[in-house]
Amino acid sequence: MSSLLTRVKLKQIEKAIEEEKRIDQRTLSDYRIFTIEQGVIQKAEGSAKIFLGKTEVLVGIKVEKGTPYPDTPNNGVMTVNAELVPLASSKFEPGPPGEQAIELARIVDRGIRESEAIDTEKLCIVPGKQVFIVFVDIYVLNHDGNLIDASAMAAVSALMNTKMPNYEIVDDEIVIKQGYSPLPLKDHPVTVTIGKINDKLIVDPGLEEEEVMDSRISIAFTDDGRICAMQKGGSGYFTTKQVSEAMKLAQSTAETQRKKLKW
Amino acid sequence: MSSLLTRVKLKQIEKAIEEEKRIDQRTLSDYRIFTIEQGVIQKAEGSAKIFLGKTEVLVGIKVEKGTPYPDTPNNGVMTVNAELVPLASSKFEPGPPGEQAIELARIVDRGIRESEAIDTEKLCIVPGKQVFIVFVDIYVLNHDGNLIDASAMAAVSALMNTKMPNYEIVDDEIVIKQGYSPLPLKDHPVTVTIGKINDKLIVDPGLEEEEVMDSRISIAFTDDGRICAMQKGGSGYFTTKQVSEAMKLAQSTAETQRKKLKW
Amino acid sequence: MSSLLTRVKLKQIEKAIEEEKRIDQRTLSDYRIFTIEQGVIQKAEGSAKIFLGKTEVLVGIKVEKGTPYPDTPNNGVMTVNAELVPLASSKFEPGPPGEQAIELARIVDRGIRESEAIDTEKLCIVPGKQVFIVFVDIYVLNHDGNLIDASAMAAVSALMNTKMPNYEIVDDEIVIKQGYSPLPLKDHPVTVTIGKINDKLIVDPGLEEEEVMDSRISIAFTDDGRICAMQKGGSGYFTTKQVSEAMKLAQSTAETQRKKLKW
Amino acid sequence: MNEKPKKLINKKGLRLDGRKPDELRPVKLKVGILPNADGSAYIEHGKNKILAGAFGPREMHPKHLQRADRMVLRCRYHMAPFSVPERKSPAPSRRENELSKVIRDALLPSLFVENYPRTGVDLYIEVLQADGGTRCASITAASLALADAGLPMRDLIVACAAGKVDNKIALDLMDTEDKIGAADVPVAYMPNLNAVTLLQMDGKLSPKEFDEAIKMAIEGCKKIYDIQKEALKTKYKIIEQEEVEE
Amino acid sequence: MNEKPKKLINKKGLRLDGRKPDELRPVKLKVGILPNADGSAYIEHGKNKILAGAFGPREMHPKHLQRADRMVLRCRYHMAPFSVPERKSPAPSRRENELSKVIRDALLPSLFVENYPRTGVDLYIEVLQADGGTRCASITAASLALADAGLPMRDLIVACAAGKVDNKIALDLMDTEDKIGAADVPVAYMPNLNAVTLLQMDGKLSPKEFDEAIKMAIEGCKKIYDIQKEALKTKYKIIEQEEVEE
Amino acid sequence: MNEKPKKLINKKGLRLDGRKPDELRPVKLKVGILPNADGSAYIEHGKNKILAGAFGPREMHPKHLQRADRMVLRCRYHMAPFSVPERKSPAPSRRENELSKVIRDALLPSLFVENYPRTGVDLYIEVLQADGGTRCASITAASLALADAGLPMRDLIVACAAGKVDNKIALDLMDTEDKIGAADVPVAYMPNLNAVTLLQMDGKLSPKEFDEAIKMAIEGCKKIYDIQKEALKTKYKIIEQEEVEE
């Protein structure tokens, strides 16, 4: 899109929002249609691919043995990494994760970690010595806006799809047995992102909307409706009133989304 | 060499090749004269320096204790690294190995590994726990073309020059004894590179020939004449007929080279 | 400071030095006033902050358990790192330590190491297995010249301020006990830097003097007046006569400094 | 997480360091303390000790990062190796990278970036000692550093967190409370515009608890805002005096 | 190498997955599946799942990499961390670096680089799942991505390997066969020009066996070439339809 | 440090390798041995084997490193992985970085940098085998490489160390003496100007011992200087002959 075309498009978006409409015909509080497919990567212990509009994110889960952190000897470990794969957008470049990828990974990480979604105590093999490490790798394959929600949904879906090997402990050594069990989960956080354009709040911003957006706020909710993670982003601000509105909007959206997700 | 001079030179090369001649008076299938000196680095467990025309490559071998790979607990480890030392050419830059150096190392690695030149089982000290690691470091000191063959020859020469410490196993612990034994070798691969310029095949391309060369193919042969590694390079192609011709040319050249090398 | 202003200033400095004066009214052999505050970082095992003129350097010491070097199984380990924090000067850039920071760290390291200031044998916990590692982190907070001396003084002050945990060895395992002991020190090296401008030697060069300075020499002295480290820097030279003069000047300055420091 | 399940609030309703639930830690601010930076500030917030230095606005390098229509703010939040109980490697961690970004996003709303096209401001934040709440204390100091560099502003940005300890909403958690506590909500704020410029959360809170926390955090911000303004005035008073003395 | 010395070909002459020695794994190709790339393709070759996306021709950055007389092709072959049994670090390995180079060298002969001076094309290949033969499958997909980006070509490049298992030459080795087998010969090929653009080998083969292997690999290439062309047509059919519908 | 407390000087006053305290190791120098470099030299100093190659003066890249008023010298001191008893990682260590800087500082005083504005010279030093005193041997060779590149010079730079072993000042320590010995003083020197261009020290020396050491080191420098000049002449003799022969 040329610079002039961009500017025209952005004006259109702003004008539409002004009239409480959006360029793709959604209302301000509409979420885009999404589809999730689980188990797309058979070689991973778990995986899920989401399409949210044209945004496409693949999450793969690997479960491997490792050592626990010294301060949590009885708990397995989770680590989240995000790659903005360069084929997903001409704005992504190869190389180690930049600021945007790191923020994305850490927001998804917090949603899962703070909701205590994974029962990490059940991932302990030998206390203080050996635990399971759950690697959550977010792979953005096409960028069409709202990577945060798409990645968070794909990550939880992938965890729900994850199996880990059965094992026994014989003489302090792990012996792998036949079969698999599902990864033990205790919660299923849903993350909703609200954008702000010219003092209007919109749900699930698309790529072009992100370009005119002042700022955004992403909120993760637990199964029982509590807030477990939050992140404001962008170079603008929210008044305290807007924070309350965004919170309510996110809350009701999360409930709707949870139903659609059947979590 | 200025850009204009370069172009004139390149035209000369092409013209000569057209007439089945080469600018340094070689025939298309002539290999340049080479000399190899072993044991040039006394502090290394093995070393060899080759001059191939004005190309100069030094290979040093270090043998150290380390742990085996989990899937080959009874085998020692070999690792090949190549440095295109910046004093060898104004085109080489300091810094971590780039694409060209990595490809060079991996071609030499494959020739040695796939011919099973090193008897890695004899490098096992305590199965699954301790083995010898053989570090093959290729150091390109002057670049005058055909680094692949020069490095491969110097690497095998250096391995043939390598000694490893005698040792005993006492209570599962290694005890170094007096004296050294030669590194156990089972094969001595010879690598030959064929270049293609204007549909003519040439043996052992020099630096200026490399600049007009369409593409190259490097083939490694075992003691008993089998092929153990191969790599096509360059932005051109070989017809299937040219592949067969290159194969025959490489094969006969490898036999001649092996005699000269007295391997 | 604009380029023109700079040149005018530099001329002034050179003219003043010519007349055996300095732009801040010091004589050629005057050291700037300095103040040192110890224990400024309570969470570190030791710390000290120095102001030398407007140069400000903070050194923090961390003491942690680790493994000894194989060739010194009975000795603790010291490691010195220097960060030229970018808020200290518009010429410092974020990123891994560059040449200047590495040289600074290594000069300070040598002064401490070669004077055997730290009694590393007393830092051994279990020979060959566990020792204390002393991390000396130099943090330059404002650059107004002579970072070497300022950092060296702050580092030794911080070591003198360092406490390490009391412990017992029970069954080859370390058990931390209540209370702390001072880090065992055997020497207190003083480092003095002499600059050369137009064949005149000056003590403790300031930032602007460093910009016109030919070269410098930094010399560290032990408690008993022996030389324990030395480093010439800069793109100029010292005649052998100037080396002797610099040595004497550094020696007498070190004695004066040692008194002021009350070491 | 629950390594040491101590009581964080005692029977008298006081916290480990004797504070009441809605009480701030002591905050000290100094402006203009780094001679080579264009603007600088130093904060002691509880046991946190943090320096912020700003360079610019100046020509932006490298050029491809210049923006024709605005000033670019670059921000680096960095912890000294000795600032925490276990020595931290000086290489920036993922956490430091994320905080650099959210701090930048928190400060931008106060600036008139469109007034300084093609320029850049580099903001360096160095945590010399950390004790919980470093991102908030960093923002409070960094905003002063930007003001000290002479950048016009919509308002100062001030930041403070509130969280949940022992089932109670409490202001300005220190390290132990943050680690053992149930939730933490850091907030950055422009009082004049009633504008929230940073908002994060971890832990679990009901929407009602969150409401309470953000309100408490904003009250904290307002108190620190007074200290901020005072620090700025003090610096300018001193400068005025110096000018008179000359 | 000889970790699990199973039989790779059974008494009926069939392989572990039931294939005959000269039988390909199933190959599926889709063109134009990445909305933001200028050209793209997706391949499933056996259990390999690989995406290729091309950006360009566009002005080459950084400028010092521009070539006055030609287009520059940059190529990155990269494996997803979850694509293999043990998680792979996302940082590119030496193997990935080498493959990026040989894949670029395999694709260049099809392009008229001299027609696009000063431009660059960036080609990104992401292996989402790997099961032996990823370099060949990557080339097959990448060539389609370049075609989809509108680059004129001498011919499509198609790639396939043949190798030696249980002392027999066999087509298109899957991972287990590749690891236990005696040799592998990946070949990239332009059928119209009878041109080999990638040729590698590891393992040990007599010259006669090599001849047999390369012939078998080229036969495999020709079969996949039909699927490639079909995929390209399908994409353009769909587009034509869309245009009609509008 | 005192791992092996052997005697370094025997009853006859001779050192481990039979040298007298003030005796140099054998030094061999060759000039112009690297065909592709603009200037080059090779030194064998005891068991040290070191190559130096210089490229330039040429236009300096990247441009922001150019200096309008002078030539820029870049210098890289690097050790081959096989040059030392335990394999060294090829990535430059902090020691190598420091030595690159002090070697550059040692060579600069000989050059007329102001005569070549905007240009750069890249100097690469490769230690192929190390046996104590590599920085001095590197400087001796590097200065020849610069001369061979045709750079006018105030004088050649020559370097040599002296140190303290078994309580005696001794010339030109080899590795074992350096490791076990009490001090080492490397010195670089321009004989014509009586100018010291590198001076470092580690270990402990009284000021008197230091005086003795630096004098001894300079005597060593002067001897090597003769070999240096001879090597330069030899190269030019050969060239003259070649020109005659043509």
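In this document, chain identifiers A, B, C, D, E and F correspond to the written order of the chains, with residue numbering beginning at 1 in each.
Please note the rule applied: contacts are C-beta pairs under 8 Å (C-beta built on N, C-alpha and C of every residue); 3 or more make two chains touch, one makes a residue touch a chain.
Since this is a predicted model, take the numbers as computed values, not measurements.
In terms of the stated touch criterion, the partners common to chain A and chain C are D, listed by label. Within the contact network of the assembly, the step distance from chain B to chain C comes to 2. With centres defined as mean CA coordinates, chain F is found 27 Å away from chain C. Chain E has its Cα centroid 58 Å from the Cα centroid of chain C. A straight line joining the Cα centres of chain C and chain D is 32 Å long.
Judged by the touch criterion defined above, the protein chains form a single closed ring in which each chain touches exactly two others. Around the ring, proceeding from chain C in the sense that reaches chain F first, the chains are ordered C, F, B, E, A, D. Those residues of chain C that touch chain F in the shared complex are 71-72, 99-100, 102-103, 105-106, 110, 113-115, 215, 217, 222, 225-244, 247, 251. Across the interface of their complex, chain A is touched by residues 1, 3, 94-95, 97-98, 100-102, 105-106, 108-109, 113, 185, 190, 193-207, 210-211, 214, 218 of chain D. Chain B contributes residues 40-44, 47, 54, 58, 60-62, 64, 81, 83, 85-90, 94, 96-97, 135, 137, 139, 141-144 to its touches with chain F in the complex. Across the interface of their complex, chain A is touched by residues 34-37, 40, 47, 49, 51-53, 55, 76, 78, 80-87, 90-91, 122, 124, 126, 128-131 of chain E.
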